[in-house]
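Same chain, two partners: chain A is paired with chain B first, then with chain C.
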Partner chain A sequence: MSENKADKYRRVAYYPGCALEGTGHAYNRSTRQLGKALGLDLVEVPDWNCCGAMEAKNVDPKVQTYLSARVLSLTANRLGMDVVMAPCNGCYHNLKKAEHDLANDPGSAEVVERLARKAGDPAYRPGDVETVHALEWLKAAIGEDELRRRMRGGLKGLKVANYYGCMYTRPRHIFPEKDSGPGSESTAKPHFMDDLLAAAGAENVEFPLKTACCGGAHTLSDSDMSTRLVLNILQAAEAAGAEVIATECPTCHSGLELHQVRAEKKLGVRTGVKIIYFTQLLGLALGLSPRKVGLQENVSDAREVLAARGVT
Partner chain B sequence: MRSLAQIERCLAQLLEKGPQAGDAGTVLDLAEEVLEHWISARGGRPTGGRREGFRLLALHHQGARGEPSFNACRESCRELVYHYNLLTLEPGDARGGARALMMARLANHLYLFVAGKLQMERLGEFCCASRPLRTAAE
Partner chain C sequence: MPIHEQSLIRPEDLRTHDQLVVDGVDVSGHWSTFIQSRVVSDYNEELQEQIASLPGGEYIHRCWQCGSCTNACTVNAVNPDFNPRFWIYLVRMGLESELLRDKEIIWQCVSCNKCTYACPRDVFPEGVMKALSHWLELKGHTRKSPSTVFDEEFTEQIIRRGRIEEGRLMRRFFARTGQRLRQDWLVEMARRLLRHLPVGLLTRMGLSSLRAPRARGWAGARDALSEYVHEQNAGHRRALGLADLIETARQDASGASGG
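Moving on, here comes the complex of A and B:
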């Protein structure tokens, strides 16, 4: 990673998104604490709104483009910053999609301009802001070597299966910086979370379902299908020898946690692998307390496993 | 071609008994049949061709034509091929059982995804293809 990028990412705009204020609160807490512990500056986007997520996108995709573009506009025009970090895969994906649509679809640009004018906001100009995920932020701003140097205790060989979900890498065309040579993230076999956790002392297991579908978007319309897809992911992680599954998205995280409970209740199949945010693992490896990284907020209680390993 | 219910049973039996390296061909066949169902259900004729030496990859390519959300199972197909190669090129490897189990889990995931998509075609639309589940035009 270039020196410039490392410097550039040390102070970024922070877009937590709605999920991190609700079900993903522990992700929000651990991301902020991690940034603080590493000396990275997160400046929350003022007056941010929903990225359009699934709801607005289903009613009118161009309204979703506007909502995401407004977050980018606030970053550029209100904060005067050119990098925004979104830890949620859904938000990250939607901001990237808005960037792509505004640069390539005149119809989207026209709608965004019209709605922005109506709302009294400056319209976003594509190219003004770079959207990065928490993984890309940490990888560039800190990197593995620096992370290794700062470890206090580390993860002590904890066996981890890294689950990236789908929206971090798909569809490929909205992530032009990925698959772009050495050091870049791969859409077929993402590895940034693996790299960071390995640097923190984890042992990553071979986990071929790291981007497999969890049926997340249909979790309410066809819960049984989602439960079976998630159960297969959990069983594969266990078969790979994982003690925990590391996540980097609040939707993936709660999907895995809740369908794990549902699989036991509805299908009578119990799995013991624990689900934990990668930011919680990195925070613990840096010596932050379990409470500081919000471990007590997780439905899947990893405290026993982590204590047995000597991580907490 | 076996029915989806038969494929499901075969995979469940394999997972139950604990697959071995020698089951790699069986698992690959089951995965191909899953994709054949998807293509047939959409009025296509499953290809007999190969991509990168594998019919499974050719079938996936055919199944994803005009259907970007089908790429949600692209990596599962590629991992199946990778595990097949590991199992057949290193048949005596001590990790054979673990690799075979993972290959069967991958085939099971492919089955669950495709069976789910046959019931609810738009599975994967919102996330993997970044398309709305319904549009204003509807």
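Moving on, here comes the complex of A and C:
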């Protein structure tokens, strides 16, 4: 990773998104604490709105493009910044998709411009803002070597299944910087989370369902399907020997938690693997307290496993 | 047409006879199974055009039936009847009545985008699944799926306030689909959460569900979006030839109430 990029990412705009103010609050909290501990500046996008999540596009795809473009516009015009970091896979995906559509689809660009004019927002010009995920942010701004130097305690060989979900890598065309040679992220077999957690002292298990779907889009509207998909992921992680599943998306995270409980209640299938945000793990490895990284806010209670390993 | 994952012979079209002699040949029993012939005459030649007129369906014409989408599909692994390649084939052939046999499961696409990732022709099968579900609902072949109800509730909340509050969203969704909020698994989840959650956070969460969060400076966006969504919906009905039907129904209704 070039020095340039590392410097550029030391101070970025921060777009938490709706889920991180609700069910994903622990992810918000641990991400901010991690930034603070590592000396990275996060400047929250003022007056941000929902990116459209998985739902607005089904009412109309261009509604989602407008919603996401508005966040990019606020970053460029209100903050005057050119990098926005989104920890939520859904937000990250939608911002990347808006960027791609505005640059490549004149129909989308025309509708978004018209809506922005009517709404009285400043227009967004594609190329003005780069959207990065929390994983890309940490990997570029800190990197494995620096992380190893700053480790206080580390993860002590904790067995981790790294779970990336769908929206971080698919579809390929909205992530032009991925699959672009050494050092870049892979869409077929992503590894940024593996790299960071390994540097923090975790033992990553060979987990075949890194990018499998948890059914997050239908977590409430088709719960039986979601429970089956989640159970697949939980059981595969256990079979691979994982003690915890590390997550990077609030929808995946709460989906795994919710349907782990639902599988117990509805199918009588109990799984013991714990679910935890990768930022919580990194925070603990840096010596932050369990409370600071919001461990008490998780439904899936990993405290016993972490204590047994001597991580907390 | 290479079809590997879907048999075109339906179990109900297989015929065996306990006692049957045809032209002096005994064809009784399982060893001479017949296949009932099937003739399709009700092609809907506009089907592909209609699907292509809805968001997500634009690129259906590019499909060359390789089956990568079905091979990659998350839902297909759970239910083999969920078959994007086959449905795209039926639409392109205009086989509407065949498509309708699967109308109750098409909405179950989880939008994982594995199909779109695998597709060598940029058909965007995930979008096609959404277009198919919309078409089924607009044409009145199915009721609004729970997923559509969720999408609409979600989008209405965004348009109104610019942000989503998950507690409110869940309550409204369960109410609109006639489900009880007190599902045993939700209660169990809340119980586990409460066991170790600090009081401060609970108060904050409670407050945010009463005082729904809003994006500031949202009024302009709200008006622009409502107008746009309304326009688009009218456009979809027109494209499917439903506008006249709705107008007639509206006139009938006002005529009846006037008389």
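Please note the rule applied: the second predicted complex is superposed on the first by the 312 of 312 C-alpha atoms of A that agree within 3 Å, B and C clash if a C-alpha of one lies under 4 Å from a C-alpha of the other, contacts with A are read in each partner's own complex, and residues count from 1 in each chain.
In this text, a contact is a pair of C-beta atoms (placed from the backbone, for glycine too) under 8 Å apart; a residue touches a chain by one contact, two chains touch by 3 or more.
What you see is a predicted model; the values in this text were computed from it and never measured.
Applying the stated clash criterion after superposition on chain A shows that chain B and chain C collide. In the superposition on chain A, contact of A:Ala239 is made with chain B only, not with chain C.
In the superposition on chain A, the chain among chain B and chain C reaching more residues of chain A is C. In the superposition on chain A, A:Lys97 makes contact with chain B only, while chain C stays out of contact range. In the superposed model, A:Cys249 lies in contact with neither chain B nor chain C. Within the superposed three-chain model, A:Asn49 lies in touch with chain C and out of touch with chain B [touch as defined at top].
In the overlay built on the shared chain, the residue A:Lys118 is in contact with chain C alone; chain B does not reach it. Of the two partner chains, chain C is the only one that A:Arg70 touches; chain B does not reach it.
When the shared chain is aligned, no partner comes close enough to touch A:Leu196: not chain B, not chain C.
Shared-chain residue A:Ile276: touches no atom of chain B or chain C.
When the shared chain is aligned, chain C comes close enough to touch A:Lys265, but chain B does not.
Residues 54, 57-61, 166-167, 170-171, 212-213, 215-218, 221-222, 225, 228-229 of chain A contact both chain B in one complex and chain C in the other. By the touch criterion stated above, chain C contacts chain A in their complex at residues 55-56, 74-75, 78, 108, 110-114, 116-117, 124, 127, 130, 145-152, 154-155, 158, 162-167, 170, 173-174, 177, 184-185, 188-189, 192-193, 195-198, 201, 205, 208, 213, 215-218, 220-221, 223-225, 227-229, 232.
By the touch criterion given at the top, residues 68, 71-76, 78-79, 82-83, 98, 101-102, 105-106, 108-109, 112-113, 116, 119-120, 123-136 of chain B touch chain A in their complex. Of all the residues in chain A, the ones that touch chain C in their complex are 18-19, 21-23, 25, 46-50, 52-63, 66-67, 70, 111, 115, 118-121, 166-167, 169-172, 187, 212-213, 215-218, 220-222, 225-226, 228-229, 257-258, 261-262, 264-266, 296-297, 299, 301.
By the touch criterion given at the top, residues 54, 57-61, 93, 97, 165-167, 170-171, 174, 188-189, 206, 208-209, 211-213, 215-218, 221-222, 225, 228-229, 232-233, 235-236, 239-240 of chain A touch chain B in their complex.
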